[in-house]
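Below are the structure tokens for one structure; questions will follow.
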Amino acid sequence: MSLTYDDVIAKYEPVLGLEVHVELNTKSKMFCGCSTIFGAEPNTQTCPVCLALPGALPTVNEKAIESTIKIGLALNCSIAPFSRFARKNYFYPDMPKNFQISQYDEPICVNGFVDVEIETDEGPKVFRIEVERVHMEEDTGKSLHVGGATGRIHGAEYSLLDYNRAGIPLVEIVTKIVPGTGKYAPEVARAYVAELRDILRSLGVSDVKMEQGSLRCDANVSLRLIGAETLGTRSETKNVNSLRSVERAIRGEMIRHAELLNKGERVVQETRHFQEDTGLTRSGRSKEQAEDYRYFPEPDLVPVAPDAAWIEELRAALPERPSIHRKRLQEQWSVPDKEMAAMINADVLDVVEATVALGADPAKARSWWLGEISRIANEKDMAIKDLAIAATDVAEIVALVNAGELTDKLARQVVEGVIAGEGKPAAVIAARGIKVVNDDLALMAAIESACAAQPETAQKVRDGHLPAAGALIGAIMKETKGQADAARVRELLLGHLGQATN
Amino acid sequence: MTSLSRDDVAKLAGLARIEMSDAELVALSNEFTVILDAVARVQEVAGEDVPATSHPLPLRNVFRPDEVIASLSPTDALSGAPAQEEQRFRVPQILGEE
Amino acid sequence: MIRNSAFDMAGKLASGEITSVQLTQAHLDQITAVDKDVHAFLHVDTQGALAQAAAVDAKRKSGEKLAPLAGVPLALKDVMTQKGIPTTCGSKILEGWRPPYDSTVVAHLKKNDIVILGKTNMDEFAMGSSTENSAYGPTHNPWDLTRIPGGSGGGSAASLAAFEAPLAIGTDTGGSIRQPAAVTGTVGVKPTYGGVSRYGLVAFSSSLDQAGPCARTVLDAALLHEAIAGHDPKDSTSINAPVPAVVAAAKAGNVKGMRIGVVKELNGDGYQKGVRTRFEESLELLAAAGAEIVEVSAPNFEYALAAYYLIAPSECSSNLARFDAMRYGLRVGDTDGASAESVMNLTREVGFGREVKRRIILGTYALSSGYYDAYYGSAQKVRTLITQDFNKAFEKADVLVSPTCPTTAFKIGEKANDPLAMYLNDIATIPVNMAGIGGMSLPSGLAEEDGLPVGFQIMSPVMKDDRMYSVGAALEAALLSKWGAPLLSNIPALAGSK
């Protein structure tokens, strides 16, 4: 018997807890000067410190501390006047020291919150997610499992380790328990992670690419009977790697828990792995007992005690909250909700804003980025950001269209050329010989020859049947190789055939 | 008197990733009875009001600028590796979480 | 030539009387002659040392301005990384490992053109007081080859006493520089914590470890101290302040008007009679030199040993986790189908010696959940109390003094099966590490009952290391005029020795 989501929420209340790991985009690692560039050859970004060679000592990256404080401030946290690094001791081959430098009972930021708004049956509603702590730690290396059928850990004969990623700064953002979201739990979780992503991006502290693992979410879910006080047993689903997966994983776990509870079975407190293909979670290796991490203050590092002036300086420089910023843009541009959402989903809001800042009309800028450029990106299966076209190019093209120097059709050719790497718009126009035919005499010649070629059609227009003009305009445009301004052609044609031009 | 049983020691050896023979476990368990009695004396004076010192010097905020420093060459990085393949450290199969 | 002080050797090198190659060769010859009996060295870098010596000679010939100790040879404790040179820490688990980088101390030595002869024996990962815990066999005390040379830096101290090297580097976590100095009749200094970089020092207990100079005279120790000390951005716990003027202090040796505090708790019961006699005699000499002797009390020192044997094992249980057979060092049990976990377990079983395992397990216990507060937490509180005791004592005295250890060198094997008795050796040296202050041991003569060297310990406040050099130099001068010749001239000749 399989429960539906509606069955679950009719009986149970979900309680969430979310842990988000963010890789900071510092140039060097958390505790050593090795580069953090993604995708380098294996073990080319390692040194005695991040390989944990005997005798090596960590040193703290100041930018990482600054970024963490900024995150804390953006999440409305208090910044601890005194915080410390601690060692989290456990053995794992991808962790060279066999302890992770993390923070334990003295994290750098505590007690914040994030408000997220979602669409509910009763209209838009704001949910407050309370943040318990934001702390610093370091990433592990990467293992490649060899010899197994699936390339996965199970069944592998041996593993190959690359420590390029070991020691990249990570910030962990941990929420308090989140009750009261009811049936909206999966959407609230998704909106929270999306909001965090936007905030982190606006702060410029991380690439926040979920698909590359620079933002990862662990979702804790438990259920309790509606009205019950005590919390149910939770499961922790690890490394959920997209916004959609956050929603699916939580929905799936809620159903799984409810099925167990309905059968009178108990939920095992364990780590589970989300599987993209099925949308279900799979049990991790169950542990006999809770791991004893033997935390203690990291003796190789000294405490972090940021002074108030520094914190205030960082606070003053915080960018506008993305959600507030979006609301402001929406009002300024008078964009309908749906289109606003489309821009956010397509991840073009920033670039549209930049295009508008360069003088383009908001509606035009939006339609280029969401329309033609998005279409090409889809065709090429690339992210819009990775296309070789910038806000300056689009702004320039919009200006040329406004000035009548390009038609919409020609402008599309220019966009295509820019994306194809043919250079800036001016260069594409020059190279392709794109030019609007504005010479009325030349147009008139084309009009006359078109009317001569299609006398019956011309007569229909003369008789007042205006839609027939389309066929003549098409022929004229063809004759002028598309370089004529269609509006002007129409105007001249109708005049020529004795009709009013508007 | 504090003491650690053979099984306690076995659990600790597991946490510390050290294989130990039964004889070794028993011997350590016996030694610990004596050693723990000696070290437990710290509890006599460690009152609530005494702050802990985890570091001998009152240093704070020691940071380095976010600058890239040359890494080891991969040859040097892997120079001590008991086994290597494709410029990576080769290790026995890892049992555990994925 | 090899019996001179490093200062005199440097003088002869500077005047051109001898070359560094000659001096280095003379020490290499001595090592060849006596080290089969002493076993101070784990690795002798003959070619590297001679090449470095030749390079110094060439620089000197070209008229380049050289550092004070340029061309003088030195023995390096095997706990310090030196690029390309085996570094074992006295452990099987690191057998054959050649670090791809220099420790900061080695970088300083090279910059000062000090010639590195090789790596000296030590208790495994610096855990021990006798060098018997080395996986490569014990070092023998040149005063009596059946006795221990102290530990963990027994190899460094013995190399000085056997005239295999005039200078050595040691590291001191609970007395590993000072106690070997005491039982071999040499000088050893633990600088203020953070005075010398720990980068490249293979960590035993991070909050206690400190590298320092070992020598046969106070001035030699000061010269080496200045060569290796100073702020290091690679060590976050390194002090960013000028190095105390230790050479000037050692040269002046002035104690007039200084208040010397005798620590009541570090004397008396449990201290060998000959040790106490020599200590009293030294106090008289210092008083005669113009110092004021006062008594101070440090009531919490009696808890120092217990706290130490919680803090050091706790930190070591974590520091030594990296020895796991994955990236370097020994790998055991890597057979078909073996898991990484079982290879780690087997490698650590075979690769670590008994004392190391004992401390790892003890530390794992002290940090484990449910016991942290009772053990590690309480030990950290004792650390506060000890520091407070020192602070009070330093209000009454400029330096504090005590015997370095309760007894002279014991027989090899005598305490091997009694860890607690072994730990008691460090009772007078440990408080210094707990508070991070400076400590020195220098010879104060031979105990009447066994004719073995006795050490005199001087403790100075944080970053006031110059004070212990003032007192040490003054006492050394007074003792030398009393004896007529350095203490080491009484050492029995070793077979083959020059």
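Residue numbering begins at 1 within each chain, and the chains themselves are lettered A, B and C in the order written.
We take it that a residue touches a chain if its C-beta (ideal position, glycine included) is under 8 Å from a C-beta of that chain, and two chains touch if they have at least 3 such contacts.
Values in this document were obtained by computation on a predicted structure and should not be read as measured data.
When each chain is reduced to the mean of its CA atoms, the one lying nearest the mean of all protein CA atoms is B. In this structure, the chain pairs B-C and A-C differ in their number of contacting C-beta pairs, and the larger number is found at B-C.
Averaging C-alpha coordinates per chain places the centre of chain A 39 Å away from that of chain B. Computed from the mean C-alpha positions, the centre of chain B lies at a distance of 24 Å from the centre of chain C. Distance from the chain A centre to the chain C centre is 56 Å, each centre being the mean of its Cα atoms.
Multi-chain contact residues, meaning those touching two or more other chains, occur in chain A at positions 48, 51, 53, 59-60, 91, 93, 159, 161, 292, 294, 296, 299, 301-302. Counting partners per residue, chain C has 97, 100-101, 207, 233, 236-237, 317, 321, 324, 326-328, 340-341, 344, 364, 368 as the residues that reach two or more other chains.
Counting partners per residue, chain B has 15, 17, 54-55, 57, 59, 62, 64, 72, 77, 80, 89, 91-96 as the residues that reach two or more other chains. Across the complex, chain B meets chain A through its residues 15, 17, 54-55, 57, 59-72, 74, 77-78, 80, 85-98.
Across the complex, chain C meets chain A through its residues 80-81, 87, 89, 94, 97, 99-101, 103, 198-203, 205-207, 233-237, 314-315, 317-318, 321-324, 326-328, 340-341, 344, 364, 367-369, 372, 376. Touching chain B in their complex are the following residues of chain A: 26-28, 32-35, 41-48, 51, 53, 59-65, 84, 91-93, 143-147, 152-154, 156-163, 238, 271, 273, 284-285, 292, 294, 296-297, 299, 301-306.
On the side of chain C, the complex with chain B involves touching residues 97-98, 100-101, 193-194, 207-208, 233, 236-237, 239, 300, 303, 305-307, 309-310, 317, 321, 324-331, 334, 337-346, 348-349, 352, 357-358, 360-362, 364-366, 368, 374-375, 377-385, 387, 419-420, 423, 434-436, 462. Taken in their complex, chain A has these residues touching chain C: 48, 51-60, 87, 89, 91, 93, 96-99, 159, 161, 292, 294-296, 299-302.
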